[in-house]
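Labels for the chains are A, B, C, D, E and F, by order of writing; each one numbers its residues from 1.
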Amino acid sequence: MSDPWLTSLMTETPQAGYELAIKLSRMGVKYTQPSDEIRGKLRPVYEKDADSLIASSHVVAVNFQTVSVANNYWRS
Amino acid sequence: MSDPWLTSLMTETPQAGYELAIKLSRMGVKYTQPSDEIRGKLRPVYEKDADSLIASSHVVAVNFQTVSVANNYWRS
Amino acid sequence: MSDPWLTSLMTETPQAGYELAIKLSRMGVKYTQPSDEIRGKLRPVYEKDADSLIASSHVVAVNFQTVSVANNYWRS
Amino acid sequence: MSDPWLTSLMTETPQAGYELAIKLSRMGVKYTQPSDEIRGKLRPVYEKDADSLIASSHVVAVNFQTVSVANNYWRS
Amino acid sequence: MSDPWLTSLMTETPQAGYELAIKLSRMGVKYTQPSDEIRGKLRPVYEKDADSLIASSHVVAVNFQTVSVANNYWRS
Amino acid sequence: MSDPWLTSLMTETPQAGYELAIKLSRMGVKYTQPSDEIRGKLRPVYEKDADSLIASSHVVAVNFQTVSVANNYWRS
């Protein structure tokens, strides 16, 4: 992808870090399936599948580990 | 989400840290499926599925790693 | 849960640490499905399913990572 | 594989690091299934399967952890 | 389990560490299904299932991370 | 296994480290299913299954984390 979408792992707050982890997780899907149309068709399916939702949360958790270390856990 | 729900990864005790890990895991689901109604319908299904419960515990374990490091494992 | 069940991640031995990892893994299930009765009904099913058993061991492995770091790997 | 494809884990930016994580994830598939033809036939299937896409993003997340530490999280 | 089976995470060599990771992975199964007889019946099934074998190797990989750090990667 | 197959986690290059991660992942399978004949029969099946290939790449990613830390990420 030529557009810049990830210039830093630093965030102001843990919540912004969690939301960056969600973005990272979605980009992992987008790199494999770049078509907005196809991803749009898949969304209503996995959004109503408990196991898909748990699996999505799992990916976010892994990315949140990365973002959390990068930010030194937002320790004050 | 505009509401603040995660202002710190610090907790007083390991148990509170574990419960924060559960919250993080559930928020991963909620960001993907924001509808309380749909999540409410899915709950009675996965709550009675052993593999879904094991998968849920797996996500909590990953988030608990993050929270545990953040708190320096609550070493006294 | 109001009852305290996790006051420390420290254990005397690696084996006690492994058993704490098992407890953490089971609590992840219990928080999602608090009913002892329902969990009791699920147990005979997943106990005889190889993939469920492997998945259970996976969760324990993740929690054992956490407990092991907390205890500095019980290095003498 | 005799061709060099991984000479360094260092990248200039987090985004380049994420793209390296994608490359690492694809190479894990390629080492197991070296045939371009067979991988080409599988692609249209998993590209339209939400669970496969989530699983792909999971692998990228694990590799991104590795690349991120290697680059000290691109902290300036 | 009352019998001691894990007194140390230290091993002489990486290979012994890998074999300890295998033991840890199997004990995760054994704690959930303590019956030797039932585990013996499951073995011929998952031993011939590629996905079960890959999942088993995944659990070993997680435990091998733990054992490797404990041994400081057997750096001389 | 009595034959030595893992005497060190150190490699000259990241690519050699990645290939060691692949070896570690395959040995996890081999310890569970030691028969070359049976593994040979399973190979043509999972080699053409996208989800098995993604799962294989996942295991490699976990082992590559271990090898990468051991080698201090091949930082020069």
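We adopt the following convention: contacts are C-beta pairs under 8 Å (C-beta built on N, C-alpha and C of every residue); 3 or more make two chains touch, one makes a residue touch a chain.
Since the model is a prediction, treat every value here as computed from it, not as a measurement.
Peer 1: Over the chains that touch one another, what is the least number of steps taking subunit A to subunit D?
Peer 2: Each step joins two touching chains, and the minimum needed here is 1.
Peer 1: Please tell me whether the contact surfaces of subunit C and subunit E are same or different in residue numbering, using the over-half criterion.
Peer 2: different
Peer 1: From subunit D, which chain is the farthest off, judged by mean CA positions?
Peer 2: Most distant chain from subunit D: C.
Peer 1: For subunit D and subunit E, what's the span in angstrom between their mean Cα positions?
Peer 2: Averaging C-alpha atoms per chain gives centres 27 Å apart.
Peer 1: How far is the middle of subunit B from the middle of subunit F, if each middle is the mean of its Cα atoms, in Å?
Peer 2: Using C-alpha averages as centres, the distance is 31 Å.
Peer 1: Which subunit E residues touch at least two other chains?
Peer 2: 46, 49, 51, 55-56, 58, 62, 65, 69
Peer 1: Is the way these chains touch best called a line, a ring, a star, complete, or other?
Peer 2: ring
Peer 1: Under that contact definition the chains make a ring. Starting at subunit C and heading to subunit E next, list them in order.
Peer 2: The ring, traversed starting at subunit C in the subunit E direction, is C, E, F, D, A, B.
Peer 1: Which residues of subunit B touch subunit A in their complex?
Peer 2: Touch residues, subunit B against subunit A: 1, 4-10, 24-29, 31-33, 38, 42-43, 45-46, 49, 51-52, 55-56, 58-59, 62-63, 65-66, 69-70.
Peer 1: Within their complex, state which residues of subunit B touch subunit C.
Peer 2: Touching subunit C: residues 13-15, 18-19, 22, 46-48, 50-51, 53-58, 60-62, 64-65, 68-69, 73-75 of subunit B.
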